[in-house]
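First, the structure itself, so that you have it in front of you.
Order as written gives the chain letters A, B and C; numbering starts at 1 within each chain.
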């Protein structure tokens, strides 16, 4: 009986077994094909990846920590184009924090926003502006806090804003827009300015590769205006003003004033002393621009202005400026005519 | 004497019949309603969100960026969901409803059936993406023009013409360019690769849920694949071999790199997609689709129902 | 492999077909079809009958190439059934056919016609012709979602006929169809038979099989247990039947007397002896069960 069954089932079962193994064989074949094609595409893909990173088409992996932070924050971060959208909505909600003056929440939101949309200069600008200008001032003026804390918070937020900009520069080393935020931050005369550093930053900016040429000149002039505010850098300021003056495109009123002041500084070594008419072309223009400069500087008291008072006085005599309109009236005025 | 007619191994007309049929089937499943949702989304965005960007030198292009990022997100979402679910659902549905019997009992090679199904799903995604791309293009064009007009009117009198020119250039770079369409095309490629992965899994998976989950896992792994590759390269530079680097190697070799098939991040940032790069992305995508479709056929060719 | 001269008149040839499945949890194998052989000649109507789960559908699927044999082979008009070519001459109606619910019957037929490479005016004509044949012209533009079971069965039949196949495989063609519809389908089968189409059907509605089939195979637990022409199978071997025309009562009496005088023979019944396929089938099934019990004990 046993033999009979054996005979009956013997042949098919041998074949059947090979059939049973098939799923495994199939899986192994598929895995092998995937591995082989994986090797084949590895270098092409790596090159394409590098090319796309170069073109900024895909986000660079800055460091693992940033990535992990981001991925823990939201699953959605996996889908590329969602990130800027989330960033935009967080920006809307951060503006509510601004109106509620909830600076801690605003700060943490902007830290996330820039992770979500790291190449967008707008968020670096807005975030740093909130920290440097708004959060600092609001803390300084918060009368519920003790004086020491207020001063501490004021500095702290300005520093945080500066660090925020630094991070932006680190993530976007090619972006002059973000780099310019740092220069602007140091040149901001209302928030712990550092004109020396600002001048440095502007000079660096003027040398960045992808800056439009008109901006390059502008940055150089801004570097000059910042240098002019650093008491020890009068010689550097003059040298730069002299150098920029050589290009007729640079001859804007502020630069002309800076050159005039620079060559009037008693300690400066002057390369070539230009006459007033050389610089300003007409006495009227000289008077107009120097007057603007003088009045502005009196308001800010942030810059030494050698020779300006003397020149204005002289021009007011020569041009017969009516007494009420003079910066330096030679007659006593009725109180109502004192210039503001 | 009856001799069975020869049936070619692969036939374009037959594939197009199955693809056309799959497309109709999906259309009649009312998937195009999503396009209405898309249009409403874009409209709501314009109404309620675009105006919230104020201040700063780059405020105005934020509107264009947001328009792009939201549209691309919706395109990604739609195409990925469609690619995974439609592909994962259709073949098991055919088996369950026994419609597959009637198809495979006609002289239809299984490869034709698979390619037809895949192309049907892709055709639907393609048509939807074209619609969304058109809507995005119109919105982008209109918004860019109105932003430029307002820049001109703001700076027009006595403004620096170089600054104005720079603003216009920036806005145009963020506005409607060919790059917008390239990004849409690449989203389509990504969907095609995902669909072919889902197709492969559905040929051996026994449940739709399994297919869906496995495809999503592969998608997620494929998105961090570039990191794994970087990890290996760094480790091999240092001459290290750890379990993690071996595991990364495995991931790199076996899983597709979805990060390569995506330029929308860059296009949202106003970056340019060179044609050569686009071509390379196309090659990579076609390679993946062909690979996974071939493997699908390999498992499906002897599958028993 | 086979000499073409031999296969000329053979529409379906199943040789020593074995199909086994592995149950997923235990390491046991289940033999769905066990060494089944059958031949269907061109133009013949062949019925495969057996209880549920006896291997009818598996055999059909093997002929259709939906499954590949564990051992043995299936050929359709000489072509290996695992090859796509074999299906160009096959029309198949599955059991309880479900089609795409979103399509109308006309669209369904067009779809299957296009799959077979029929296009244009030829396709339109064929679709119209078939809709008329299965009496569905009135519902041609309604979606199949709203069709009754009988209507779906008719769409299925029309679909199977779309490329004018030489072999029609019908899996339970009348299951769930009302008696009138069932009769229509039977008439259609006979009509196709008269046109020379080979038909391979499986059913458990035995009366119908009896009505249309030239030859029948009985399959039980995967094994072919009986096969032959209807006459052969339904013959009651220890009985004899005379059908006499114009017999006078006296002649009948004489015959009865003659038999009465014989020691062994007896008249069981006079008139027309009737057996049915159904009886035969049940007898065979019982016999098999009995044998199996015997083997175990």
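FYI, a contact is a pair of C-beta atoms (placed from the backbone, for glycine too) under 8 Å apart; a residue touches a chain by one contact, two chains touch by 3 or more.
These numbers come from a predicted model, not from an experiment.
Asks: Compute the centre of every chain as the mean of its C-alpha atoms, then state which one is farthest from the centre of chain A.
Replies: So the chain farthest away from chain A turns out to be C.
Asks: Just by CA atoms, which chain is the most central one?
Replies: Smallest centre-to-centre distance to the global C-alpha mean: chain B.
Asks: Per the centroid of Cα atoms for each chain, what is the distance between chain B and chain C, given in Å?
Replies: Here chain B and chain C have centroids separated by 49 Å.
Asks: At what distance in angstrom does the C-alpha mean of chain B lie from that of chain A?
Replies: Distance between chain centres: 34 Å.
Asks: For chain A versus chain C, what separation do you get between their C-alpha means, in angstrom?
Replies: The answer is 83 Å.
Asks: What residues in chain B touch two or more of the other chains?
Replies: Counting only residues that touch two or more other chains, chain B contributes 302.
Asks: Which chain C residues touch at least two other chains?
Replies: In chain C, no residue touches two or more other chains.
Asks: Sort out for me which residues of chain C touch chain B in the complex.
Replies: The touching residues are 4, 8, 11, 42, 61, 64-68, 76-79, 84-90, 92, 94, 96-100, 102-103, 111-112, 114-117, 119, 156, 159, 163, 166, 169.
Asks: Which residues of chain B touch chain A once you look at their complex with the stated criterion?
Replies: 49, 52-53, 55-59, 61-62, 65-66, 68-70, 72-73, 75-77, 80, 160, 162-163, 166, 204, 220, 223, 226-227, 229-230, 233, 252-254, 257, 259-260, 262-269, 271-274, 277, 280-281, 284, 287, 291, 295, 298-299, 302
Asks: Going by the contact rule at the top, pick out the chain B residues touching chain C in the complex.
Replies: 1-7, 9, 11, 13-14, 17-18, 21, 24-25, 28-29, 97-99, 101-109, 302, 304-305
Asks: Over in the complex, which chain A residues touch chain B? Could you list them?
Replies: Residue list for chain A touching chain B: 22-23, 26-27, 29-31, 33-35, 37-39, 41-42, 44-46, 48-49, 51-52, 55-59, 61, 64, 67, 78-85, 88-89, 91-92, 95, 119-122, 125-126, 129, 177, 212, 214-215.
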